[in-house]
Amino acid sequence: MDLHSIGPLAWLIPTFTALAFVVIIGMIVTDRASKNAAWVAVAGIGASTLLALPTFLAALGSASGHGEGEAGGLAIAPFVKQWAWLPMGRDGALNLGIMVDPLSAAAVAMVTVVCTAIFVFASAYMEGEFNNYRDARTGLPDPRTGRNRYARFFAYVSLFATGMLGFVLSSNLLQALLFWEVMGLCSFLLIGFWNFKPSAAAAAKKAFLTTRVGDCFFFLGILGLYWVFGSVDYADMLSKAGIEKLHALAPFAVDIAGHVYAVPVIPLLALLVFGGSVGKSAMFPLHVWLPDAMEGPTPVSALIHAATMVSAGVFLVARMYPVFSAATPDHPGYISGPMFVVAALGAFTAILAATIAVAQYDIKRVLAYSTVSQLGFMVAALGIGAYVAAVFHLLTHAFFKALLFLGSGSVIHGMEHGMHHGQDGHGDGHGSGHGSGHDEQAAPYQPRRIGGVLAADPMDPQDMRNMGGLAGKMPWTFRTYVIGTAALTGIPLLAGFWSKDEILAEAFHKGVQSQIAIALIVYVLLTAAAFFTSFYMWRQVFMVYAGKPSTEMAAHAHESSPAMTGPLIFLSIFAALLGFVGVPEGLPGIGPALGNPFHHFVGALTASGSHFEALAFDWTPMLISTVVAFLGLGAAWWVYGRDPAAARARDPLARLGRLWALLNNKYNLDEVYGLVVTSNPRIHGEADVTEHDKTVAERLGKLIGLTDAFSRLNGQIDARLVDGAVNLAARLGEKFSRFNGLLDRYVVDGAVNLVAFAGLDLSRGLKLLQTGRVQQYALIVLFALLFLVGALVM
Amino acid sequence: MMMELMPVWLQAGAGNPLREFLLENILTGLSEAWRPLVADLLTWSLTCALIMGIVQVTMLYCTLLERKFVGRIQDRIGPNRVGYWGLLQPFADMVKMLTKEDITPAVAHRSVYNLGAILVVPPAIMVFAILPLSLGLVASDLSVGFLYFISVASVVIVPIFMAGWGSRNKFALIGAMRAVAQTVSYEIPQVLSVVGVLLLAGSLSTGDIILAQGTVGSGAQASQGFPGGWFILTQPIAFVIYLMATTAEVERTPFDIPEAESEIIAGYHTEYAGIKFGLFQLSQYFMTIASAALGSVLFLGGWMSPFPGGLLQTLGPLNLGFFWMGAKTLLLILGFMWLRGTWPRLRSDQLMGFAWKVLVPLSLANLLITALLGWLLHGWWNASGAQGLGRSAVVVVAFLAANGLLLFGAMLGFGRLRAKGGRPDIRFEATGVGSSVEGAA
Amino acid sequence: MAMIPLWWYLMVAAGLFTIGLYGALVRKNAVSVLMGIELMLNAVNVNAVAFWRYVSPTAKAAAGADRPVGDFVVGMDGQVFAVVVIALAAAEAAVGLAMVIALYRSRRSFNLPQMDQLQG
Amino acid sequence: MVDNWGFIAVLTLVAFTVPLIGLALSWLLRPHRPGPIKQTTYECGLETIGDSWVQFKVQYYLYALIFVLFDVETVFLYPWAVAFLGLPLFALVEMVIFLGILAIGLIYAWRKGALEWV
Amino acid sequence: MSQQTVVQLVFGVMAALSLGGAMGVVMARTVFVSALWLILSFVGVAGLYITLGAGFLAVIQVLVYVGAISVLILFAIMLTEDVMGDEHPNNGQVGLAIILLTPLIFLLGKWGFTANWPVKAAAILPRSGLSVDAATAAALPGALKTGDAFLVPDSVAYLGRVLMTEHFLAFEVVSVVLLVALVGAIVIARD
């Protein structure tokens, strides 16, 4: 099919899901909510898929059909259709539109397919919500609210899919930001879906506010890019002309009141845009929201972690790649400033999250940190210029991570059924009065700590220490889960192997052969992270599936319904086979036969005209990564696989002592944030703020030279200030910059100096800044405006 | 379209014979710079005087007519002492108003209180600018005529609110709040119901709207656009909605909650006496007349003769437009009076519910079917060779059928709502006195 | 034509804008602040319509100077802008006043200086 | 149709004179003997309790709110209606969408009980 | 000349109404009275629209601002007890605001006055009933052909046509904004 015949219809792809959203909301409003809501949502995303796949194929056809050599016709001229949204003066308009290029075509196909599987899975998974909803306060069954909540869930996920599809297909940055924020809203709604649980409500707030910090940077970046290009259209920014403009601009002179300052504009803008990605893709230091996002229903976790939200951050960096790479002279092997930051942050996040994941017990939390770690892989790959590898990993990861999350959902579902079964058997009245059909963290229990690590809650269906022996109970879940794990850990021939290998190979090539320091660091860190990845994933498999059941729950667990296992099997096919589209051409045997179509398709970077040459094949990194993967598997077997039951009862690695506790407590990062960013535990997302946490916090407070008095004072100040989005965002920004380093500190000082320069008393100025009085803010804005205008005019 | 047909001597601006006469014969001594201007101002002033005269007299005798008519309905005679058949009664009332002592409550906010009474009149007079008296006898045929009427009429709520608030009296304030809430609620169905008419007429100008209702069939007055004749034929539901909404807009029985004397004395003008009270009455009567006139413009063909082929449109050299216009307006005014004589007052909740739950959905539906039918048929009625009565009959029957279907559907729908225990429902609820009910936070 | 110079309108708009901004900056009462904002929106509208009237392209410009075409204003951009701003002003007033009412319910006050916390 | 706002300006001036003339005439003719009892607030002879500038219920606001938004709708409806018969079907579709979205609002208000006058 | 004087006089009255009303808004002690001044200001702005030849906008201004938004404001005031006025209606930043606003109005005035706006010499506004030649009609979207003449579209119809074609996105977005405002305001205002 020709892209020019199907391309103009691409706007329908997000429209179908949006329509599903509207229809379901209509069902709720007219009190007609029923299980049909799920089918409306599935129909919506299904229609999107049915349109997205031909679009993808058409793009594929255009890319290979018209192109000469590697740079396909499509890559030179992506399909763009725009409508004027807001005509602005004579020179242009803000547009709404769609852009189909290799990147967006591949991403939109991935998103729709994965979302379809997730939606089908959710239709069965959320049945508990439908059937057994109980009022949180009275504990009485409340079928009407249950119906509505079930429908509302599907409305939200449909809107979520709309956000992602719209974002991916956007033809300009502003529209992308719009859909980006739609996703932000939906993540808030969905993470807090069980909002009667304080922890879920807190996690939702945390996710929302944390990503907002990134979004502020993103928006500033968009404004800056508009300032430079006079347009926010990708077609203008990423075209050859745009890139040339970028090169011409790189060190930019700003004339303020006669003084000329050289401002490195492009790196600055690139980093601002990257700020958005840091928030959305949960890079350090804004990664804290993602693990807490587990408070949402499991399909939501799959949605957020695999197909949509976090991919959006990586997608953004990939989309804006020309801007990132353009800031510096264009010679091979040179890593530009912003890319250096991207690579370092990515690699650091990868290893940080991978080590944290090793010490988690919650089945979903392990996967969450795994996601953070894998996102680190992708971002690091982009940072060292491995564009194709990063996009490839983005796609494969979406499939197997969705598979793993859905698999964990199936496990939790089975465990809950086991729990109810056990209750019936024992006549135990436990569990009544909780609000939902699912009991993810519902039971009241007294948290104990053993060696600084929270002990298992025996009624927690998500705690891996309560599992075991599920391989026999849930055969299909087990099989697909193993495929997903193998794919993620890079066992040869599965999807993750090829994509991860490509990243590592590029890093190896640049680090070892081209002698680029950052690439070498990235390579070492990522290889280590790959080892940990293999270790914690196989640890999880052994803990969950191997041996004899550790609890009654696990003993009575049973396989989920076909509506849930079906999507698992479907996704596992992709997890197993998708990698073959990106096999290096140089690989003896299958390589030349398969021809690496993915690289040829995506490798020609959209519009900018440049494209990526595939590396010459090298056995060394591939062998190393294979060895690393099997080493991790072996280590996991050695530690956990030999006697799974004992390992569940007492973790062998707990012998590491304080290091183990530190890892289990995520390097105490939440506590550090609690002290430095906000002392309000409500946005921690941690429901179980225990005495231990407080002692940790205090110790840390002393550690970094803060007295108890200071923390109390700080607590009081913050308690007054954490009262809303505006104030909080300002506070977060300010505190955060102080925490984060010299650059930001410089900005804050600059702002203060500005106030002082105006002749205002310094302390009064600071007081003015934080009174919460809107009119004073407005006055300050007016003052700043006049100052700027005055500076420009004179 | 029919410019050449119009004797434009009331029409403002160039071409008005009166203006030309003044220019050529009276104002010859003035400088060129000032002459047209003074001529304009003089013409306009004379026009104003004419309008004011007609409107004032109509208004005075409307009060008498109302008392007589309602008296008849209630088996009374009505005023019959002052003058023959009570014909001088309005003037006696006027004298009484003028000579009564003016009492301002001590606690009132004086300036707002007085301004309220003053400001309530001008909008009610200003709306007459766009109402045509006859063919070409329209003072200012604005291209936004109908909207001008609605917006100027909606200004009246501001002085009403000022009156209620400035009096600093609980009854007055509650009356004002009710009046405003009711007026704004019924403004929406009023405005929506007319959209169908405007759509078919293709203009907001009152002159154009009347011309679009050219007599059914062919003849000198056959409309060049819409062939359906008077809009009451093609928009009956809109007509009924418009009448109801208008009745509520001018706060007449059965929609006179704002001045329900059994509950809140006299509503927002409780504290007004003498001429100030009279000004409120004046404004209300003006608005009633203007609304009736607008109703006849929109739905009854304005100054057009009701007979086919323009029979009795002219009598010799005299255009009888003003007669037909007056007769139709009077008919609608009598309709309002009839309602007042026969209907009990509605309750607040019924009143508000009726506007939003019945009239607004109904007028929206009416608008949609009108748009659909208009779009389907207008190509045909513009292009088809079919002329005359046949073409008109097809259009009228089509619209009538659609209206009938709509009415049927609406009844089914509202019936189902009622059966489901939904709204609109009828519940007993004492409105009680004053702040205890409405003042509750 | 041009019986009134364009800059007269711009002056009036500037005055309205500044007065509205003054109201928004200094009034304690939240409703008054909203009124100030409405004034500012009106000022913007006056500007938009004035520019539409005085500087928007005419048919002559659109058709090319060599053609015998009247000087009709082409386009309604200024008016469309004003209409949309009016709609947005209505939406803004509706939500803003609803917020004021809700805040009043919890605080028993209209005064902005007392509303320095967003926690209810 | 010649828009003539000049006439309306004159009519406005005249319209303002009407109440003023009435007031002036009345001021000449009427007696003026104010007294403290006369100037009390009228409440059927009872003493007034509390200030009359009382607080009202939120229902009034909700009505005004819905009114405002529908009023704005008419701003768009009228130009559409006037131009409608010369426009393609697309205009009808647009307006159906426009009205549909607003109807959702009305239904929402209805279901939330914002239209109940209690 | 004289006609110009009168038109300028009318402009002056309208400008005085709008600016005086605006001053009243920020000077009045009672909120209710502030709202009344605001209405006066709105009426003045409507008058300015008329002098600009935008009759539809003037009417809309009265309908929406005077007839609707001010009602909303008045009702919001009545819903609260705080209608008595305040001895100190301003917060503490009057002086600061005046200091900052003085340069603002100076700047705005300077730009308005000195900027070289490309003012059209004799632009004619669309107004129904004027017939034009075919060449002009070709440049005017919506000119109707009746017989041999081309009629300039009525400005209201012209506006409707533009809203439905060129600016249809804005048009549809407005409906969504109104819906959101309606839902949001109901949620916020109800208990």
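Letters A, B, C, D and E mark the chains in the order given here, with residues in each chain numbered from 1 onward.
The rule is simple: contacts are C-beta pairs under 8 Å (C-beta built on N, C-alpha and C of every residue); 3 or more make two chains touch, one makes a residue touch a chain.
Here the structure is a predicted model, which means the values were calculated and not measured.
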| item | value |
| --- | --- |
| Touching chain C and also chain D, the following chains | A, E |
| Farthest chain (mean CA position) relative to chain D | A |
| Chain nearest the global centroid, as defined over all protein CA atoms shown | C |
| Maximum centroid distance from chain C, chain identifier (CA atoms) | A |
| Which of D-E and A-D has more C-beta pairs touching across its chains | D-E |
| Euclidean distance of C-alpha centroids - chain C vs chain E, Å | 7 |
| Chain B-chain C separation of Cα centroids, rounded to whole Å | 32 |
| Centre-of-Cα separation between chain E and chain A, whole angstrom | 46 |
| Gap in Å, rounded to a whole number, between the CA centres of chain B and chain A | 62 |
| Residue numbers of chain D (touch at least two other chains) | 1-3, 5, 51, 53-58, 60-61, 64-69, 71-72, 74-76, 78, 81-84, 86, 104, 108-109 |
| Residues of chain A touching at least two other chains | 773, 775, 779, 782 |
| Chain C, residues touching no fewer than two other chains | 21, 25-26, 83, 86-87, 90-91, 93-94, 97-98, 101, 112-113 |
| All chain pairs that touch each other | A-C, A-D, A-E, B-D, B-E, C-D, C-E, D-E |
| Touching residues (chain side chain C, partner chain E) in the complex | 1-4, 6-23, 25-29, 31-32, 34-36, 38-39, 42, 45-46, 49-56, 58-60, 62-63, 67-76, 79-80, 82-84, 86-95, 97-102, 104-105, 109-110, 112-113 |
| Partner chain D, residues of chain C touching it in the complex | 83, 86-87, 90-91, 93-94, 97-98, 101 |
| Chain C-touching residues of chain A, taken from the complex the two chains share | 87, 720, 723-727, 771-775, 778-779, 782 |
| Chain C-touching residues of chain E, taken from the complex the two chains share | 3-4, 7-8, 11, 15, 18-19, 22-23, 25-26, 31, 34-35, 38, 41-42, 45, 48-49, 51-54, 56-57, 60-61, 64-65, 68-69, 72-73, 76-77, 79-80, 82, 86, 88-91, 93-94, 97-98, 101, 104-105, 108-109, 111-113, 117-126, 132-133, 135-136, 138-141, 152, 155, 158-159, 162-163, 167, 170, 174, 177-178, 180-182, 184-186, 188-189, 191 |
| Footprint of chain D on chain E - complex, ascending | 10, 50, 55-56, 60, 63-64, 67-69, 71-72, 75-76, 78-81, 83-84, 127-129, 142, 144, 153-154, 156-161, 163-165, 168, 171-172, 174-176, 178-179, 181-183, 185-187, 189-191 |
